[in-house]
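Both of the next two complexes hold subunit A, though its partner changes from subunit B to subunit C.
Showing the complex of A and B:
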């Protein structure tokens, strides 16, 4: 019983973190048809800037409560700056190219971001645990969990709900759906497609940075976390169906629980259980659970 | 099969004695880099022949690793160090894994193919990283190779392995060149252009993709065996997606115009890496990424196109955004 509870809470915890880290990826793919490997770079930038800012703030005597504000702030700044630079500086010259080629372009950007991160913050690891333990722990069936874990879950739910509302209930969201449906026609109707692309990419980048920033207090931030998260996020959005926000949520839950199950029942399987699940889902539903059918073009 | 050789094959055959000769002339460290990049070059070749069909494999490191580990495990557990047996083990392992995985992968194209190959290679990465018997993330060492009972040591051993590596790589390159000119090779280019039409013409695209995938796997695994023997070590990093990314990088940089291009590209990159890492270790990937972006923007057909554009009279065609190119 205790194991079952541990699996559920850990699974939800993993899922929340995975959802926050991958929702930006699926958003960018859904709107722009770009599978953005550089997303891992945004995640790392967010993680580094938040860990760095928290460390600086707490060590100079700031109250830990206020360091919670630094997390979204760091994500916002890191994501917005990096996202704008990447989209305005590189990607806009590449629009309309082959989807596979865009993967390679974003891979190149990922490599550049990795080294940019190293140049800014060096290669040593950053630890900013203070916010994670500030509110203490809650016991669930005698297993202590940090309150912070539940805060992440709440944030994930809030982000998911906010995206859903913006996409489905606002004018901007309706316009965005039009842009997704047909770029050229929406351009002809007077919608500023370029602006939509830029904003979407920056929002996606900020979400990626938020995933990193919010998980920074729970992990030690070191080089290579971007490369790690990107394969996990791929698994999440492929399982759910690329471009679908609901799919990302479902994918995060599936991957999160797969990981929690293997961590508690058979630890050596932790690393590959995720991809095994992904391969199994794709063998049945080749384009993910929530993917829309696409017609073959002659 | 047509025995007549085209210019690429003649060139490769002529390059072979030269390639072997440099082992006796150039300093040892250069020869080591040549040998290592011959191994990884074969993997880049595997990526390249798939690119001819428009398929970008972001997990070719899988077979690089399968080859290396198959050879390594044969040596570690059975004490076999015969080069030919190790090569056979690598090929067999790749045939089995790729044969099975191919049934799943041949249904996918474009980014789905890229991501699924990546996912499968990461399954192996996870497996090997958590297997204590195989040294987890540290990997394990390989003995020096023997040849049908002959066990050269020291300098002779180094030169023999190098000679065999060069020989195997050139033979593989020639065979792959033949493959590109075979019916399946041409079908691949047609698949890249328009798969549905290929099927209307009565050919199975799945079948061609499967064959290409398995062939690329075998070549990559041979590369893995040779690379592992050259370094005397294997570890799970071989199948990490970042390793696979570099193979893709090489294929993009050198272009798919000629079978020799990825081999030369690998070597140039290896040399570039040595100097870049020495001068500023933290900007190496930045250089790599920038070069890749510039290549995609200004040389969509890779460096090899610099050598061939002067000869062609037709203006550059509009398929500039396609990754691959025929000759």
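Showing the complex of A and C:
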């Protein structure tokens, strides 16, 4: 029983982190058809900004409870500035190009962002654990979990719900769905597609940065963390179906539970389990579980 | 569409296959001895391992060139030649190609460095194939000379391999926890982690057969998130948890594990953890068993050479050197000692002199006594962590040292055979 509960909590915890780290990637792909490798750079920027700001604040005598506010703030600033610079400075000149070319373009941007983080924060690690342990732990069947882990789960749920509501219940969201369906017709109907692209990319970048910012108190923030997350995020959105927010959530849950199951029941398969699940899903649904339908154009 | 997806996946994967950062090459002349220094300049290992290693190389090479090191290295240069260094990033997906470039294009006389066992496994056969004098500074897997290059001519490793760390850790645990009943482990899923756990668990089994293994975790290297593994270890409630984690993975595991009470529930043994002391300070729970992969960092000896190195490093970078600094320094001192013995800067003369050499380093005496004189054997120390809130610094207490002969297999015996055979020939004082 204890193992079953541990698998559930660990699976949910890992899935929440995965969802927050990958939802921006799938949002950008869904709207813009860009597999944004630079997403890893946004994640790293968020993590560095958050760890740096928390460290500065707490070491200056600031109350730890207020340092929680720095996490969304760091993500908002880092994601918005970097996202806007990348979209307005580079990507807008590349729209309409082949998707494969855009992968290479965003990879180049990723490398630039990697070097930018090194230029700004150096190569030393940043640790900012204070928020992660401020609220202590909760014992679940004699296994302590940090309250912070449950906060991450709540944030992931909130982000998923907010995206669902915005996309399905607001005028802006419905217009965005039209853009996703057919950008040419959307333009002909008077929708400012360029503005939607810019806003979507910046929101995606902020979400990527949020994934990093919220992870920062639990990890050692170092050069290279962006490259690690992009591979996992890619697996998550491929399982869920590229471009689908619900798919990203389901993909994160599948990967999270696959990993937790293997760690608790058969640890040697931990490394293998994520990609085994991905292969199994793709064997049955080659475009992922919730792949966006492609309209056929004549 | 399918083709597009596969093209995109290929492009993405190709794009993720990283590049390496090369320092500009410098032209050699007759009076120079060019050393290729390979260390992590980027990625998760750069902060705690790669940069301290590079810094140490700078300090030692500059001092050798200036002739300002203490005895026995107080003559300038390598066999009279000034050292030039070419520093490259170990964090590369094309490690062999980078190494070949050092040899063929940069025309280095020797290569030193490499922290990752994965890197060393890839480079070891290349060093022999290209007939290139190469001294591994840090990487720990025993496989290098036991399985991959069994008759080395050009390849050396100037520090002990992982067997020293883990036999030493097991002996320390049994010496300090005589009532030990169960052990568990969390180690990275590659050569270093697997070999480390094998040596630790088998040593415990050989020395106290009643001890049971309850949980063995092998997360991916650089995973960063260890929630499930920590839950499994918490659930197992073993007496001792062994980990050979290093770098950013180590720091993340300490943060996550300490926060969830793993360090209270089990005695943690961290075999490569002195690098975390200046970074995490009070976050490392008191009582944690700290290893530094030899007499490095907090276990460095009180000798003129060790004190000089610590001071020179601190004066230059404002922080104390950590174990990778000592290990990188040791690899360059190995070349210097061999060149001084050979009285030559010729790489062939140096490698001939280095085989079987005993030399001084900032970590004490090093004996190249294993694997036909190409593998070093040194002793090791372990102690428990204690953080002093008044000074804001951590240190080690309850230190016990183990001689080289107590924690390294004798000549001609592999680590696995030695441990399973009950440590025949071990000389423990």
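Heads up, the rule we're going with is that the second predicted complex is superposed on the first by the 290 of 298 C-alpha atoms of A that agree within 3 Å, B and C clash if a C-alpha of one lies under 4 Å from a C-alpha of the other, contacts with A are read in each partner's own complex, and residues count from 1 in each chain.
One rule holds in what follows: a contact is a pair of C-beta atoms (placed from the backbone, for glycine too) under 8 Å apart; a residue touches a chain by one contact, two chains touch by 3 or more.
Keep in mind it's a predicted model, so treat the numbers as computed, not measured.
Q: Consider subunit A as the common anchor and indicate whether subunit B and subunit C clash or fit when overlaid.
A: In the superposition, subunit B runs into subunit C.
Q: Classify the contacts of A:133 with the two partner chains as first (subunit B alone), second (subunit C alone), both, or neither.
A: A:133: touches subunit C, not subunit B.
Q: For A:9, is the partner it touches subunit B (first), subunit C (second), both, or none of the two (neither)?
A: Once the two structures are laid over each other on A, A:9 reaches subunit C alone.
Q: After lining up the shared chain so the two structures overlap, which partner does A:19 touch, if you call subunit B first and subunit C second: first, second, both or neither?
A: A:19 sits against neither subunit B nor subunit C.
Q: Looking at the overlay, does A:145 come into contact with subunit B only (first), subunit C only (second), both, or neither?
A: A:145 contacts subunit C only, not subunit B.
Q: Just to be sure I read the superposition right, which of the two partners does A:263 touch: subunit B = first, subunit C = second, or both, or neither?
A: second
Q: Let me test your reading of the model: by the given contact rule, A:107 touches which partner, first (subunit B), second (subunit C), both or neither?
A: Both: A:107 reaches subunit B and subunit C.
Q: In the overlay, answer first, second, both or neither for which of subunit B and subunit C A:222 touches.
A: It touches subunit C, and subunit B stays clear.
Q: Just to be sure I read the superposition right, which of the two partners does A:97 touch: subunit B = first, subunit C = second, or both, or neither?
A: first
Q: Given the touch rule stated above, what does A:123 touch, subunit B (first), subunit C (second), both, or neither?
A: Both subunit B and subunit C are touched by A:123.
Q: Of the listed stretches 44-52, 188-196, 206-214 or 332-340, mark the one in subunit C with C-alpha atoms clashing against subunit B.
A: Of the stretches 44-52, 188-196, 206-214 or 332-340 of subunit C, only 188-196 runs into subunit B after superposition.
Q: What is the shared patch of subunit A, the residues that subunit B and subunit C both contact?
A: 35, 99-100, 103-104, 107, 110-111, 114, 118, 123, 227, 231, 234, 267-268, 270-271, 286-287
Q: For subunit C, which residues count as touching subunit A in their complex?
A: Interface residues on subunit C, with respect to subunit A: 1-2, 4-5, 7-8, 11-12, 15-16, 18-19, 41-44, 46-48, 50-51, 91, 189, 215-220, 222-225, 227-229, 231-232, 234-235, 247-252, 255-256, 259-261, 279-280, 283.
Q: Where on subunit B does subunit A make contact in their complex?
A: 54, 56, 58, 104, 107-108, 110-112, 114-116, 118-120, 122-127, 129-131, 194, 196-197, 240-242, 245, 248-249, 252, 282-286, 288-290, 292-293, 296-297, 321-323
Q: Under the touch definition given earlier, write down the residues of subunit A that touch subunit C in their complex.
A: Contacts found on subunit A: 2-3, 6-7, 9-11, 13-14, 17, 35, 37, 99-100, 103-104, 107, 110-111, 114, 118, 123-125, 127, 129, 132-133, 137, 142-146, 149, 215, 218-220, 222-225, 227-228, 230-231, 234, 259-260, 263-264, 267-268, 270-271, 286-287, 294.
Q: Inside the complex, what are the residues of subunit A that reach subunit B?
A: Residues of subunit A touching subunit B: 35, 90, 93-94, 96-101, 103-105, 107-112, 114-116, 118-119, 123, 227, 231, 234-235, 238, 267-276, 278-279, 282-283, 286-287, 296-298.
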